[in-house]
Amino acid sequence: MIEVGIVGGSGYGAVELIRLLEHHPQVRIKHIFSHSKIDEPINKTFPHLNHLTHHYEDLNIEDVTCDVIFFATPSNVSKHIAPKLIEKNIKVIDLSGDFRLTNRDVYKQFYGETAATQQHLDQAFYSIAEWGTTNQKDLQLIANPGCFPTATLLALHPLVDNKVIQNDSIIIDAKTGVSGAGRSLAQHVHYAEMNENFSAYAIGKHKHKPEIEQYISRLANEEIKVVFTPHLVPMTRGILSTIYVKLNKQMTAEHLHDVYQQYYDNKTFVRIRDLGEYPKTKEVYGSNNCDIGIYVDEESQTAIIVSVIDNLVKGASGQAIQNLNLMYGLNEATGLQQLPVYP
Amino acid sequence: MIEVGIVGGSGYGAVELIRLLEHHPQVRIKHIFSHSKIDEPINKTFPHLNHLTHHYEDLNIEDVTCDVIFFATPSNVSKHIAPKLIEKNIKVIDLSGDFRLTNRDVYKQFYGETAATQQHLDQAFYSIAEWGTTNQKDLQLIANPGCFPTATLLALHPLVDNKVIQNDSIIIDAKTGVSGAGRSLAQHVHYAEMNENFSAYAIGKHKHKPEIEQYISRLANEEIKVVFTPHLVPMTRGILSTIYVKLNKQMTAEHLHDVYQQYYDNKTFVRIRDLGEYPKTKEVYGSNNCDIGIYVDEESQTAIIVSVIDNLVKGASGQAIQNLNLMYGLNEATGLQQLPVYP
Amino acid sequence: MIEVGIVGGSGYGAVELIRLLEHHPQVRIKHIFSHSKIDEPINKTFPHLNHLTHHYEDLNIEDVTCDVIFFATPSNVSKHIAPKLIEKNIKVIDLSGDFRLTNRDVYKQFYGETAATQQHLDQAFYSIAEWGTTNQKDLQLIANPGCFPTATLLALHPLVDNKVIQNDSIIIDAKTGVSGAGRSLAQHVHYAEMNENFSAYAIGKHKHKPEIEQYISRLANEEIKVVFTPHLVPMTRGILSTIYVKLNKQMTAEHLHDVYQQYYDNKTFVRIRDLGEYPKTKEVYGSNNCDIGIYVDEESQTAIIVSVIDNLVKGASGQAIQNLNLMYGLNEATGLQQLPVYP
Amino acid sequence: MIEVGIVGGSGYGAVELIRLLEHHPQVRIKHIFSHSKIDEPINKTFPHLNHLTHHYEDLNIEDVTCDVIFFATPSNVSKHIAPKLIEKNIKVIDLSGDFRLTNRDVYKQFYGETAATQQHLDQAFYSIAEWGTTNQKDLQLIANPGCFPTATLLALHPLVDNKVIQNDSIIIDAKTGVSGAGRSLAQHVHYAEMNENFSAYAIGKHKHKPEIEQYISRLANEEIKVVFTPHLVPMTRGILSTIYVKLNKQMTAEHLHDVYQQYYDNKTFVRIRDLGEYPKTKEVYGSNNCDIGIYVDEESQTAIIVSVIDNLVKGASGQAIQNLNLMYGLNEATGLQQLPVYP
């Protein structure tokens, strides 16, 4: 059994890790940490987990003995702790943004804080699990991608990798359910104000913009900037990313569809929809799937790619477990085969 | 023009008073007070009011010069301030619970704080506007009823007044939209946890229980206790109160329906539905209406009354304006004739 | 492997059976029937099941060869077909109401159609799975309980069985999410009219009223009538039933809580909340759990029981699988251990 | 008094016209037509209008005697009837798409039916009310704009008119609440499937694409094509249109903001937000306002414009009344000054 601990145990990332890991045949949850709720039973905070006997623990690095620690924390937490765990030979999978950006200035600009050391950033592997490295087993520190980047990069990857688009033309109009904002209270996610309300936010300033840029720039081997507009949808779960790109040559929808089909042929969790059909967020609710729909406006040589995930599963905890599976040489789908909850 | 001020200007009660009063032909909003946002423009907090040029003011009793002050505050505010305003001959309409209960011990028990003085409590008139006193003009202090009590008492009033029920048999199963919990942040009304969630709360402990009991006890001239269970519905506005009572004699649905029809024949805002039809909360959304449906289970001599209001209008700000109209001898519907927003 | 077929394959009951059975280690779905979609691939109707290669089949009784058939159909379907399957030695689990009521006149009154024959009704076993018979294996025809009755009877059972209440005092104020109305289109569940709307419906006429009465009458060995008011909540899944009963003697909340604790001590899926806490529907979302909260109003000797389930799981497909497990002597929780999806 | 009739009286456009016209000081609703509900009282279909004594009428052209007829019908209705009304000197305001497109082939392509005659199309005036003609009074037939085009064109107008953008660069990512799909039943707007669900639809095929193109092409005096992707949001009311355009020269956000401020300085219903703030749909809920937010990505010379309206008010019935006001030389805001319902 792989013994794991979860830091940030009172948040949504943690509670979703628990939901999924409880069905993972090779994993045992040993510790759940929360520095604001030390010694409290978890099922007091989350009554739906009332079969769980765990109590929240204080994270005391000397005493931690498990194999893997998940950080399901806000930014500015893991960068202070993860390096010490790695020294103790404990693997870290970080769901926060602390180890995603390799450029410390960019981190400073978008996160408003000092980044982790360059050495630790270099040590981290940013892992969209569909393209995990073959030697994933030797990894000590995985930066688990953000929710918007996951939905977006799974859609952009075949385009950039196959060099079929103008790399300076990428526009990402992304929409997320409210759980993406986390469990901390804020006026704009107060029920009475968020319900029956749709809005754009953080245009040009969202932390996931440089994350997307860094990844596709590396993939394309040139610096790429994107236009990225996040929106907040009055629903709990789900991300839909609508991506507009200029094709760099005439291409039919059928042709582009083939590109995607082949690209994801052997990937468990990415499903390409038939032409003329577009995925809906509810169709991946509660699952680790990413469903993708494709449209080509031949007139303007614009491709429109629609990509959906459950932000808490493929966009966070599910992908983190998928990465754990890769680290341990397990089938990537182990413990992750729950079907979408529909309706 | 009647010049009014609003205390608690950053809450939902205030913003709804503003929405309605802006269409009141005889009222001018002179002051909007908020001690946490002094000098800030109101439309910074509420961008939908961007035509409004008011700034939040500090409430300085000496400087207040308007005719009426509305308190749209949490409990434990108006009881300290309203008496001083009354001394200055400013009328007060209190949307909070501070002057609703005449028994100071009961207030202490349910509100957890010391009540206003008995003298001031005795001075207050608890005004379900449909039964305002004829000499309402002389009133200085109106205790505007709570949202659950309004929906419930409009349904119970004909039954108790006509002495057709067993007064010890009243069960009130009440459901409210989330705006009833106010604008202050709390975990249970955080969008991601409130959405797709329905729950009961505060059973036996809700402040509106003694308020209902006090009113109908006075009406019946005997002490009456009720069973009262509030529930929270994943929607913003609306209250539906389902009331179960034992009839004290055999009575058909048709007969009981006649009782209600006659009772509310000349009331603008109370509408009795045809037998077999029950009102839905959306059918009063944004309006000052109270719609009532009636069922009689002849087998068990149980009447079931279903009553709906918009908690922020008839359950708070709308009724407060209706009370203002009565105070000034205006038609009770002045400024309140907006139709429900449907769908 | 137990080979099963599902009739009514384009509805919500079926799609939920599929979600759960795909994780059941002992079951293989052999046929999915839908007479309106014969030969169509299932994943055209339900794109979220795009891994599924099944096509809808026409139900041709001669050709059916599996072990168990689930009916996830409206009423008036299974009563015509199930008897023929049973003759072929195929077990039937009926999620519809056709075999729930043993009195054919009552069926006629509430369903508006002629009932199944008395012989077939007598053959059916109405199975709240927590009280399945020990010789469940010999059963050929299970009437799977309705959603409201499941939530309600799990709450009432300890009270009636322990004879602690006045049996003529039962009032059930029940609330359901909209998926309970099924997948067929209707104006009142059109999104724009159902959203932000809460209502009561079918008071005194709902099919689940006689179902509840029949069950507890048998349990109490006397004829019991209940007052039953269903309500529709603007959310997809979840039932909360608030039940009011008069205790037949003075009893503290602690005492009543003990009764429930003991009663459900060895039941996997029924969880009794601590005193002062009430379950929310989201806390059982997607799971087969039934969570129960208890309140006693000592003043009026009224107990208030709050019970929640997911109407599509414990209220339909989950309980059907639980019943299948009992039929085959499996652990009742086999394939049903998915945790609630929260938030 | 202006006497008006409404065709399509059982739909959402009609019910919103009624809500607003009931407060219009110069208008009396004389007829409400619905060929499926002839002679039924309106408040049977819409109980929230129970004060209304109108019955649905059959539209018999000879007998119609009012001044203005509103068509709140699906497409393919008004084109057959409106010409006959005009002959009788009755003005027509058509909320459907029948007279919006002047090119009959384009109508055929997107609506799938034969268009009105060219003569009648030429007679119609497509009126975004902010740019109504000065001789609006002489108009006989107004084509009231679609909901998406209204939100989008109010945002694009200053850009195209001021020639600051590359006209071939326009991408419109539009999101609408579900009431935009009308009152007719359909699976994708069935509550249980629409709730907690976000999706794109009709990419490249939506009727509002050519409507937008026609308008801005005329404004720019060159043929312009746009990329237009509509999305469906799980909420009842509201449209948010996110528009991406390439500026044709370097321009700061401040400069572009000034352009908008000046452009809409004297327009009652268009409100430009401060830089860094973006409007939310709820901030215009129930009102005739269009609120606009502006962002400039100087790096890529891309402007992002966020525009919100209530699809049933400014996107349909409100603008229709605004157009009526212009036709009769009234202040454009007459009867339309209701503030947004918030929260």
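So that you can tell them apart, the chains are marked A, B, C and D in the order they are listed, and the count of residues begins at 1 in each.
FYI, a contact is a pair of C-beta atoms (placed from the backbone, for glycine too) under 8 Å apart; a residue touches a chain by one contact, two chains touch by 3 or more.
Just so we're on the same page, UniProt names per chain: A, B, C, D = N-acetyl-gamma-glutamyl-phosphate reductase.
The model shown is predicted, which means the values in this text are computed figures rather than measured ones.
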{"item": "Between the pairs A-B and B-D, the one where more C-beta pairs touch", "value": "B-D"}
{"item": "Subunit A-subunit D separation of Cα centroids, rounded to whole Å", "value": "38"}
{"item": "Centre distance in Å when subunit B and subunit D are each reduced to the mean of their C-alpha atoms", "value": "37"}
{"item": "Whole-Å separation of chain centres (CA-atom averages), subunit A against subunit B", "value": "46"}
{"item": "Overlap residues in subunit B, where contacts from two or more other chains coincide", "value": "12, 177, 179, 192-193, 195-196, 234-237, 279-280, 282, 285, 343"}
{"item": "Touch-based graph of the chains, sorted into line, ring, star, complete or other", "value": "complete"}
{"item": "Sites on subunit C touched by subunit D in the complex", "value": "12, 177-179, 181, 183, 185-187, 189-196, 234-236"}
{"item": "Residues on subunit C engaged by subunit B in the complex (per definition of touch)", "value": "168, 171, 173, 175, 177, 192-193, 195-201, 203-204, 225, 227, 229, 231, 233-238, 240, 242, 244, 278-282, 285, 293, 295, 297, 299-300, 302, 304, 306, 343"}
{"item": "Subunit D-touching residues of subunit B, taken from the complex the two chains share", "value": "12, 15, 18-19, 22-23, 46-50, 179, 195-196, 236-237, 271, 273, 277, 279-280, 282-287, 291, 337-343"}
